[in-house]
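Labels run A, B, C and D following the written order; every chain starts at residue 1.
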Amino acid sequence: MKRIGVLTSGGDAPGMNAAVRAVVRTARHRGIEVMGIMRGYHGMIHNEVELMGARSVSNIIQHGGTIIKSARSKEFRNKSGRAKAIRTLREHGIDGLVLIGGDGTFTGAIKLLKEWDGKAVGVPGTIDNDLYGTDFTLGFDTAVNTALESIDKIRDTADAHERTFLVEVMGRQAGFIALEAAVAGGAEMALIPETRTTVKQVADRLARDKELGKTSSIIVVAEGDEQGGVVDIARQLRQQFQMDTRICVLGHIQRGGAPTAADRLLGSRLGAFAVELLCKGKSGVMAGEVNHKPIAVPFEHAIKRTKPIDKDLLRIADILAT
Amino acid sequence: MKRIGVLTSGGDAPGMNAAVRAVVRTARHRGIEVMGIMRGYHGMIHNEVELMGARSVSNIIQHGGTIIKSARSKEFRNKSGRAKAIRTLREHGIDGLVLIGGDGTFTGAIKLLKEWDGKAVGVPGTIDNDLYGTDFTLGFDTAVNTALESIDKIRDTADAHERTFLVEVMGRQAGFIALEAAVAGGAEMALIPETRTTVKQVADRLARDKELGKTSSIIVVAEGDEQGGVVDIARQLRQQFQMDTRICVLGHIQRGGAPTAADRLLGSRLGAFAVELLCKGKSGVMAGEVNHKPIAVPFEHAIKRTKPIDKDLLRIADILAT
Amino acid sequence: MKRIGVLTSGGDAPGMNAAVRAVVRTARHRGIEVMGIMRGYHGMIHNEVELMGARSVSNIIQHGGTIIKSARSKEFRNKSGRAKAIRTLREHGIDGLVLIGGDGTFTGAIKLLKEWDGKAVGVPGTIDNDLYGTDFTLGFDTAVNTALESIDKIRDTADAHERTFLVEVMGRQAGFIALEAAVAGGAEMALIPETRTTVKQVADRLARDKELGKTSSIIVVAEGDEQGGVVDIARQLRQQFQMDTRICVLGHIQRGGAPTAADRLLGSRLGAFAVELLCKGKSGVMAGEVNHKPIAVPFEHAIKRTKPIDKDLLRIADILAT
Amino acid sequence: MKRIGVLTSGGDAPGMNAAVRAVVRTARHRGIEVMGIMRGYHGMIHNEVELMGARSVSNIIQHGGTIIKSARSKEFRNKSGRAKAIRTLREHGIDGLVLIGGDGTFTGAIKLLKEWDGKAVGVPGTIDNDLYGTDFTLGFDTAVNTALESIDKIRDTADAHERTFLVEVMGRQAGFIALEAAVAGGAEMALIPETRTTVKQVADRLARDKELGKTSSIIVVAEGDEQGGVVDIARQLRQQFQMDTRICVLGHIQRGGAPTAADRLLGSRLGAFAVELLCKGKSGVMAGEVNHKPIAVPFEHAIKRTKPIDKDLLRIADILAT
C-alpha cells in the first residue's frame, strides 16, 4: 500500500473530520500517502482529488461537517460512472480506499470492489446508528446530545405552560436517537419504528399521567414512525381525543455542531483502525467497534443485518417515566 | 405599599425567573411582602396565590421557563373574570402588581386598572422584542443566541453538502430575531415582515451568489413572513425556479434554555426597577430600558406603537453577506 | 424489601440525580418505599431522612449536583458514628440501601454491612472513572466533554497567539479524563499518572513539533501527575528549557453542569439495576456496566483492583498528534 | 483610499473574526482592496501580508480567535521597528489601516500616525471592556457568558456540598466581567478593583448569609483585585476567620469559544463602520458604539479616560444577593 484515498459520503455526521484526520495521520505514520477525494463518489468520478499532508488536517477535529465535503452520487450506481471513478483511482495510483459513510456508501463499495482491483475499508458514519456490527456510528452520540439539549429547552416551556409536546427526532428506520434522547430527557414516551404504538395508547398514557399528577409531558417521536410524523399524531390526538399538543421537529440541527468527546474518540479510533486493516490486506469490511474492541465487519453484514434496539432500555424507559 | 403580587403571563421567556427573583428580593428589602400569583391571570381569577420568601427564589436565575408558571386566560377578557381576580387581590391585601409578559399581559392590565384601585407595573417578557419603549425584552438575547447555535450547526451540513437551507425562526409580527440571527450567523439573507422580499428576489440572489463562488447558503425567515413560511417558500423555489432547498423550523427550542447573561441582567434590573416604580406610586407603566437607562413607558405606548427595525443593520446585512 | 434508603456521598457527579430518580421510580414500581438520606453518611448519622414520592424526582434528570446533597463524613469512620447511623436506619424501618458514590462511599459500606443486618448496593458515581468493574462511572462522560469544551476554547487562543498551553484536568490517581480529553481535543500530549513522562520528554516533543511546522500546542495534564501540577511543569520548562508556556487549571467546573446523554442513561440504568439487585437479595456489590451489560461487582473489587488505562488509545494518541 | 490593511493585536477576543470579515467585505463593496497583516504589528514589521478576497473570510464569523493571528510586538515600541513597519505599508501601497485590539494596539497606532502619512482607525477588541468611548468591546459579552456557564456549573457543586466558592474571572484593572457575571450568576458578592472590599467584609457577609439560611455561596473575584487573587483570599479567610472555601480560576477559557450573537453583531457593525470612517478621511479614532449608535472616539480618549462601572448595577447586586 503506497497511496490511499479517503472520502466521506451520504449524510454528514459529527466525527467525520476526526476520522479523516486519523486516516491521514495514521497512513503518513506508516509511510503511506493520502489523497482526499472530494464530495464522495461524485469526486471520484469527476477526478476531484487532493494530496493531504499532516497539517491539512490540523484544527479540524472539533468541527462538525466534513472538510472533504459529501454528496450523494446517482452516476456511481451505473457501471459507466464507476468506470470513470476507477480511471481516477488508477490515474492517481490509489490502491486502497477508506470510505466514511453509511448504507449507500457501503452498497457502492461492494459494487466498486467487483470491478476494481484495489482494497476498500469502511468507517460507519451516520447519526442514525443503524449499521450492524458496531455498537455506535459516528455522529450518533452528538445527535443524541443535541436532541437532548433541545428537549431540555422544550421542557422549560412544557413545564411553565403545563402542556404536552411532541418532539420529532431523526431516525426513519431506527429508533436509537429517539429512545436514548427520550430516556435521557425524562420524556414520558418514545414512539419508535421498532415498537408499535397506536394513537389511542398515547392518549391513554397522557390521561393516566394527568391522573398521577403530571402537569406536562414530552413525547419523542422517531422520524418516519408509523404514525406519520408529529403533525399527523397531533391532529389525531386533537380530533379523536380532544387532546391539545404542541409539536417541534428538530430536523437538521441534529446533524451538525461540534462533535462530542465520544464521537471524536470513535472517529479517531476507527479512522486509525481502517488504515491498519488496509495495511493487513483486508478489504470489503467496515471498521467497527463492539464492546470497546475494534472489529472488522463485512459490508454485507453491516448493511443487511438489523441492529436490535436495547430491550432492557425499552423496559426501563417505561418504569422511569412513571 | 405593604404587599404586592407578581405574575408571569403569555409565552414564557428566559429571564422571567431572574425578574421574579428581583421583584421578590427588592420588595423584601423594602419591607414589602410578595405573593406569587400562579399561571398569570388564570391564577388571579382562581385564587392560586402563594407567599414568596427570599429563599423561594434561590437557585432559579439560571433556569428558563417560569417557576410561577404561565398561561393565557380567556376568562380575564370578560368583566366577570376580572371581578373574580379583583376579589382575589383584595382577599390577600395586594395593593400593587408586577406583571411580567407582553402585549396580551399589558392589554389585560389596562382593563384591570380601570376596575381595580391598586397599582400595576409591567416588565417586558417576550422573546420577540416587539414592545415599544424598551431596547430589549426578556428572552430576546437568549432566543437570538439559540437560533444562532442552530444556524451554526446547520452551516456544517450546508457547507459539507453545498446546499441552501431555509431556517425559520420566531417573530410573527417582528423580524428582530431573524435579522440579528441572520447577520450574526453569516446568513445570506433575512426575510422579515418589515421588508418585502419576493421569491423571485430570493432566487435571483441565490443565482448571483452561486456565480460569485458561494457553494452554500442560509436564508433566515421570520415566522409569518408574508411568503407563508419556509415550506411554502421552498415549494415556490422548486416549482418556479428549479432550485432545491432544505428547510428547518426551529420552533419552541427558541423559548427555553438557560438565559444568557444579558437576559438575566435585564430581568434583574427591570424586576428591581418595577418594584421601585410601584414604591414611587407609579402605575400603568412598563419598566423598560432605553440606552442602558431605566425608563417608565405607559402600557398604551408599549403595545400600540411600533418599534422600528434597525435600518443600519439591514443595510450592513446586505453588504456583509456578499 | 419494604423500604429502602438512597444517598449520594463523596464528590458530586453529573448523573447522580438520574440515578436517584431511577432508584425512586423503580422501587415504587415494585411497591417499595424510598427514603432520601440527606448529605450522605452525615445525614444517616444525624437522622436527616425524607420520604421520596414519584413526583419528588420530577424535572431533576437534567441537572448536575445532587438534590439529596452530598458530604464527606469523618464520624462515619468510627464505630460510634456508624452505630448512630444504624439507629436511624432501624428507626425508619430501612432494610436496604442504594449508595451512590466512589471509593470512600463503598469503603464505608463494607464497614456498615459488618455491623448492620440490612443490604446495601452501590452505584459508581465519580467523575474520575477510577472504579474497577464498570466501564464507566457517573459523571465521567460529562467531565470529559466539559474539559473538551474548555480545550476547544483554549485552542482558539493558542492558535491565534501561536503558544503552548498546559491544561490541568481532574484525575489525581487516574488519567482517564486527561487521556480522553487530550485525544478528543487534538492535544499534542497527555501527561497521566499511568505513564511516566519527564519534563525533558515534554520539551523534546515541543521542539520536534515546532520543526514539523506546528505553531501551537496543547498538553493535557492529569491533576496529581508526578510532575506536580502545571504550575511546576511550566516553571521547569521555562527554567530548564527556556520554553514559554501558559497554564489553565480547569478545576471544579468539571464536576457540574447538565449531564450528557450517556451519564443520564447510565444513571438511569444503574439506579434501576441497583434496586433490582436489592430485590434479588444481593448485597455488598456495586451495580456496574461492562460491555453494555449490567453486572454486580463486589465492593472490594471495585475499590481495590486497578482499572487499566486503554493501551490502544495511548498508542493512537501518539500517532494522531503528529 | 485604494488599499487598506487590517490586523488584530493584543489578547485575542471572540468577535475579532466577525470584525475582520466586515472590514474585508465592506471595503471590497466600496472597491477597496484589503491586505491581511498577520500577527499584528509583528507582521507589519516583518512583511507578513496577504491579499484577502471576499471568500477568504467565509465561514469564520462563528469562530473564536483570529484567522490573521495576533501577537504582542516589543520591536514596534522602538522607532526603528516602526520604520520597518512603515516600509512594509509603503511597499504594498497601503494607505489606510483598521487596527483591532485594545490599549496597547491604540498606543502603538498613536505613535505610528506621527511617523506615517496614512490613516488608521481602531476597533475595540478586548474581553475586559475597559476602553472608554464604547459601551461594549468585542469579546466582552462572550467572556461574561463563558464565566456565567462556569459559575452555573460550580453552583451545582456548591449547592450539593453546601460550600463557599471563590471564582476568579478576568479583569485586572476593570471589574466589568466580574460584576456582570456575579449578578447574572446569582453570586453572593463581586470583588472588583473599582470598589474596596476587605477580607473582613467578605467574612462578615458569609456569616450573615449563613444566619439568613443560605447554605452555599459564590463570590466572583476580578483578577488583580486588591486582595491578591483567590488563593490569597481563601488563605486569609481560613487563617483569620476559620472559614473554609474552595477556589476556581477560570483563566484563558474566557478568551475563546464561539462568539455570542452580540459580539458577532458588534464586530460586524464596528468593522463596517471603521472602513466607512477611513473612507470619510477620519484617522486616529476608534470606531465605538454608544447607546446603540456608532461613534468615533479619539485614540487618546479611548485609552486614557476611565470607563465607569455601572453604579446602579452595583447597588442592585447587593440587594438581589440577599
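Here is the rule we use: contacts are C-beta pairs under 8 Å (C-beta built on N, C-alpha and C of every residue); 3 or more make two chains touch, one makes a residue touch a chain.
This one's a predicted model, so the numbers in the text were calculated from it and none came from an experiment.
Graph distance from chain B to chain C, where chains that touch are one step apart, equals 2.
Set against the C-alpha centre of chain A, every other chain centre is closer than that of D. A separation of 35 Å divides the Cα centre of chain C from that of chain D. Between the CA-based centres of chain A and chain D the separation comes to 39 Å, rounded to the whole angstrom. As a whole-number value, the distance joining the C-alpha centres of chain B and chain D reads 29 Å.
Residue positions 149, 152, 155, 159 of chain C are each in touch with at least two other chains.
The chain pairs satisfying the stated touch condition come to A-B, A-C, B-D, C-D.
Within the complex formed with chain A, the residues of chain C that make contact are 18, 21-22, 25-26, 28-29, 54-55, 58-59, 61-62, 135, 141, 144-145, 148-149, 152, 155, 159, 180-181, 183-186, 212-214, 258, 260-262, 264-265, 268-269, 272, 291-292, 294, 310, 312-313, 316, 319-320, 322. Every residue of chain B that touches chain A in the complex is listed here, in rising order: 8, 11-12, 14, 39, 63-66, 69-71, 146, 149-150, 152-157, 159-162, 165, 246-253, 255-257.
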